[in-house]
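Next up: some structures, all given as structure tokens.
In what comes next, subunit A is part of two complexes: it sits with subunit B in the first one and with subunit C in the second one.
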Partner chain A sequence: MSATADPTTDAVAARTRTRTLPRVPPSVAVAALLLLVVVVCAVVPGLLAPDSPSQINPLEGLQPPSAAHLLGTDALGRDVLSRVIYGARSVLTGPLIVAIAVLAISTALALLSGYRGGWVDGVLGRTMDTLYALPPLIVAIVLVGVFGGGYTLAICVLIVFNIPNSFRALRAAVVERRGLPYVDAARSLGVPPRRVMLQHLLPNIVPLIVAGFFLRLTYGVVELSSLSFLGLGVPPGSADWGRMLAENRAGIFENAWAAIAPGVALVVVTVSANFVGDWLYERVEQKRRSR
Partner chain B sequence: MSRRTFIAFVGRRLLASVGIVLVVSVLIFSLIHLAPGGAEQTIGGRFATPEQLASIRASYGLDDPLPEQYVRYLGQVVQLHLGNSLTRREPVGEAILNGLKVTAPIVLISFLLTSLLGTVLGTVAAYRRGAILDRVIGGFSIAGASVPTFATATILLYVLGVQLGWLPTAGTGEGFVDRAGHLVIPILTLAIFGTASLMKLTRARVLQVLEEDHVTFARARGLSERHVLIRSVLRNAGVQVITVVGVLLLSLVAGSILVEVTLGLDGVGSLLVDALSARDIPTVQGVTLLITVFIVAVNLVVDLLYFAIDPRLRARS
Partner chain C sequence: MSADGLTVRDLCVSARRGQESIAIASDMSFSVAPGEAIAIVGESGSGKSLTARAVMGLLPEGVTASGEADFVGRDLLTLSAADLRRLRGREMALVMQDPFTMLNPLERCGVQIVEALASGRGDRLSRKERRRIAGERLREVGIDDPAVADRYPFELSGGMRQRVGIAAAIAEQPRLLIADEPTTALDVTIQREILELLGSLRSAHSMGLILITHDLRVAFSVCDRAYVMYAGSLVEVAPTPLLARAPRHPYSLGLLLADPPSDRRVEELVGIAGSVPSPGSRPPGCPFAPRCDYRIGACTASLPPLAEVGADQFARCIRADELRVELGTRLAAAQGGEQGGEATLATPLEGEPLVVAEHVRKVFGGRGGSDVVALDDVSVQVAAGESVGLVGESGSGKTTLGRVLVQLEQATAGSVRVGGVELVGTAVRRRDAAAVRDVVQMVFQDPYSTLNPARTVGATLKEAAALAPGGMTQSSGELLEHVGLPASYAARRPAQLSGGERQRVAIARTLARRPRLIVCDEVVSALDVSVQAQILNLLRRLRDELGLAYLFITHDLAVVRQITDRIYVLQRGELVEEGPTATVLDAPSHPYTRRLVASVPEHPQSGAIGSR
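So, the complex of A and B:
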């Protein structure tokens, strides 16, 4: 800082800055940073992990944290820190697929249902109400458990049963905008319904979809890691946080970090994603109310 | 609304609920036929000889037409005969009753705590909007609602059980006090999750109602703040809150499955997960049916509560 700082120019600078950049609360900034770290771990785990995630050392099982193994080792002597870093891949991949699929399908259905109305809306609304009553996690536990379909089936079930929640929010947004002048204007100009939905309505609900993405991601991580914790979904031995927590629970007195570290990592990811999603959602809501 | 229309409404909803249970029961019945290897393989195990498989087909009536088998299954279920567990030496019904002794207290107590704390703290946060208390509650509600229950349970177990040694670390325990001690961590885990979720919704809804004209008008008439809170705010917020309370109760059941497995409690959740990994389909069918009936019952009660709270619905029917 120079000693000749002019208070007026500072004030002007501050004002323009707030106008261009949204004020991000510190909690959200920290959350976004943590998510970024997890994403980096998922993309280039090899650069960060000190060891191989799958190298078994039977003689070094369940060691407490040391200089060689910062978080100690699991029952098979694998380096816990490396497994946690590689686990970032598993924790993001499935939930990303679920979140994107849920949003794509529920957006399409919400546009159709909300804009068209009539019997389409009736049928879709009824179906979604019925599905909404069923908790996705319980359905996934039973179906994946009985059919043993593994990861693919788990993801499919979670996609289907997470759609209703997202559909309801997006449909309400479409219905609210359907009556606005720009939609009426487009319609009276003879724009076909498909284009009204895709070029006029869709861009206006994009902020809501983006906010929803982080919330979907949170649910996806919770549900998929719960399944892998129960031994459903990911194959045994994979570096998956839910799986690691289940496998290392027995050794909690020897090396608690083998179970606690993946647990803490899961908490970090879900809480961060929810903080970011919630903040985005609040911003969208605020804009809507101030209009 | 007259008593007769109310009874008609309840009857209609009851009938619809029974219908849904019947539809799901068809799916549950078909689980044993759809399971890999088919019904006789599931019952006989992987190493059953062809002769054994044939005798199973005969004694279980698996060669009869499917509708006939379904009707027989339904007849047994109605008499509460849920069949015999394939791995435990006891009927499925008994295993479920034993499991409920653990699961019911966990779910019910955490549900009561959740409903009370969630609505009260959510309302307080809305009234103290922007204050430090509101921010603390807000931060807790975002964090608590998003953490997987098995992770919370493990971390609580490590801190309260292993590090501080205040609470037992595994199992169900003997005698009342010991049993109660074993239930603290599961209840705490589910209550944190539930309270956080409910608080967030209550706060948002109460804030919305506080901005509505009828609240301003009630205040302008000079009604006491307590009167406004109870008669105008809570009553209007109630409908949405109750929907979420219903959904929440069901996610506490899902949470209980995970918490029981995490802490080694032999409740209904552990029963289900063990039965799934042992391919004990009759037990899976029994537990799934119980959960279905519970889900439908909760939704029915939620629908009836709408009526009790919202006079507009009563006027419409």
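So, the complex of A and C:
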């Protein structure tokens, strides 16, 4: 209420506006390139894979890498490289669906909860707390096991359990901005609540949404692969990295690559997504901060 | 003890941005003798704070200083970090602006005061000894209650915290005290006490004092000499009485004129056009030239030297000599003061006033039953076309009352009728709520968060205009021109505007809604003096043109004098006095109002107080 004038921000950081072209650090460039390769694999695996991923060839089981099979074959004689390439599809689609759904739902709920406050906030907040208290993977294992597996069910369970985390971060950001004069101004002008949320609050939390998206994507990859590894989620026989890890453990001494390759692929995808996500967040946040 | 104080020569502070180096302050030379008080005066962006921090060796990352700073025989700028650390606290100390973040919230005040204290041999002092010294220092800053040493900062008011901060700064009896805007965040009544305290401490300890401030009145009330900074360089150096009487640089004159007097109303406030350039975009030549009324071609050629223009007076202006009489005349004219249109009371119009608030009570529910009464039995009226002031210090409830009027808060009890609609005790129907918004709108204090950073100025204005009764009739270009900005600003984002420009856009946004009353909540308090005058003039003009009514919420009596016809004085949620502005300020009847009026540092033009 008294003068919060801040004439001491005198210089430096204050109102300096730099508009430089984004210089992409090498690590991010490499990560983006790797992600791109994985995406291409997922979209057109047929163009890249030397073989069919599901062609069983019992006579050529568990061969080490050779000219015919660059990463060798698994116990059923399927080409490991082709299975890794085809596996990109299930490793990306599931987590993408999870990340998009989680962010969409948690953003909507966070806006509602943070802006409305009151009982809406109370009910949503306590619901999220309850979800938080349950261990997602274990619940997923139980549910998928009881209801007879299924990729769709696994994805649904992961969506529900990933919401609380994003919700909390976004709600806190909404609450912080709700009290700012520009929101007060919109309210006193008579801007309808829906518009205040969508036009005034939403654009200002976009950096957090971007960051949250990539974080959920990597969690999704790891969690879905874990379920596949345990034999839940994707149907048996499908080319999926988590499943391949599990299936090919047995032949680790005959063809180690059959187990290593999908593992490496998982690490590459998650680490790359993290790098790209962090960088994007910094960029968007910087742009927003350049006030 | 050597008698020498601090002598700074050719101090340059610069920041790296990418490859280039940007000058924040250059060629700063100043000196403080023991027992002397100097002021470094400048608006935001002038580089005054970083200059002081350079002396203390407390520059932020990426900012460097060069030059010489001789302090008791040592050059501060060449000392190692460890040596500087030994000097800080013991030989020189810093008091910062924000009393709310200056102290560590997790430590008791007493501990923080004596934190760095050690005995002569460098041993830690005994517990008893430390307590004794803490109590002593607290008494010195006017806190007689020794229990304060055992309190945590959050248990104290802003003024008390600033005192504790000062007590900590003087704990080791430094020879030099740098106070960076020590009173800016404080209420006027407390501001005066803190200034007096600083003044008495420096004479008691024969301590050098550097006061950094944007406020000439504050500088004049405590300091012997003032160094006026603009855009990184000193533009004038003079003893304070001389500067107040006969400024020799157009910028100093501008500052003197822009500061509204609290004892009378002036016809037209004289702002300085434009705003302070940010470091990195300062114009070549004299940095003040683009805003100067006396600019000639040669001004932009090169930076003039800081030349002696009289006994003990220096100015950085190539026309200092020829302008001497001119500047003096303008100041004298302003002082003689055409006693401009004193409070022409708006003739009450027919029908009910726009706002009738009766016996309003607002209680904020604290946790654990500790309710806070923000407003208690407050009755206020605002008629159409009238400008009414709501004066009080922080915690007086003035902003709460404003927010009740624009329906951002709900009053707990009483009655508030805006445009005939009752806002208290009943659920306001949607149509009525809209009708209330057609009558009253609000402009907020902080120019840096009043606009949505994600939207362009045009989008902000269009949204408001579309909600006006009868739909959109003014384009955002027209609105911008109305508040003195070019129409092309519609495409800009808030980040590209200065504080004053943002506040103009915020005013345009309320105008777009075409209200009859605007609640102005401390709209100029976060702005530089030179810009403050521009905004006050704009508000006056809009009132004349549009017949607007204002409810002007402020703690600044000079501002309220310039723009209101009537005022209400609030103290801790209660109304203590009301009446025509001139009457209340000239002859206050309530003790609290008397104290408020007495606390205003005297206007620079009426001469300095308390110095030497």
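The rule we apply is simple: the second predicted complex is superposed on the first by the 257 of 291 C-alpha atoms of A that agree within 3 Å, B and C clash if a C-alpha of one lies under 4 Å from a C-alpha of the other, contacts with A are read in each partner's own complex, and residues count from 1 in each chain.
Basically, contacts are C-beta pairs under 8 Å (C-beta built on N, C-alpha and C of every residue); 3 or more make two chains touch, one makes a residue touch a chain.
Because the structure is a prediction, the values reported are computed rather than measured.
Of the two partner chains, subunit C is the only one touched by A:Asn204; subunit B is not.
Of the two partner chains placed by superposition, A:Arg171 touches none, neither subunit B nor subunit C.
When both complexes are overlaid on chain A, the residue A:Leu266 reaches subunit B alone and has no touch with subunit C. Legend: residue contacts after superposition of the two complexes on their common chain; A:Leu245 is shown touching subunit B, with no touch to subunit C. In the superposition on chain A, A:Asp184 makes contact with subunit C only, while subunit B stays out of contact range. Overlap of the subunit B and subunit C contact sets on subunit A: empty, with no shared residue. Every residue of subunit C that touches subunit A in the complex is listed here, in rising order: 15, 17-18, 24, 43-50, 60, 62-63, 97, 158, 180-181, 184-187, 212, 214, 278-280, 393-396, 398-399, 403, 406-408, 433-434, 437, 441-442, 444-446, 448-455, 463-464, 467, 494-496, 498, 506, 509-510, 513, 522, 525-528, 555. Remark: subunit A residues 1-12, 14-18, 20, 180-182, 184-191, 199-200, 203-204, 206, 288, 290-291 touch subunit C in the complex. Subunit B meets subunit A in the complex at residues 20, 31, 34-36, 139, 142-143, 145-152, 154-155, 157-158, 162, 169, 247, 250-251, 253-254, 257-258, 261-262, 272-273, 276-277, 281, 284, 288, 291, 295-296, 299. Remark: subunit A residues 27, 130, 132-135, 137-138, 141-142, 145-148, 218, 221-222, 225-226, 229-232, 242, 245-246, 249, 252-253, 256, 259-260, 263-264, 266-267, 270-271, 273-275, 278 touch subunit B in the complex.
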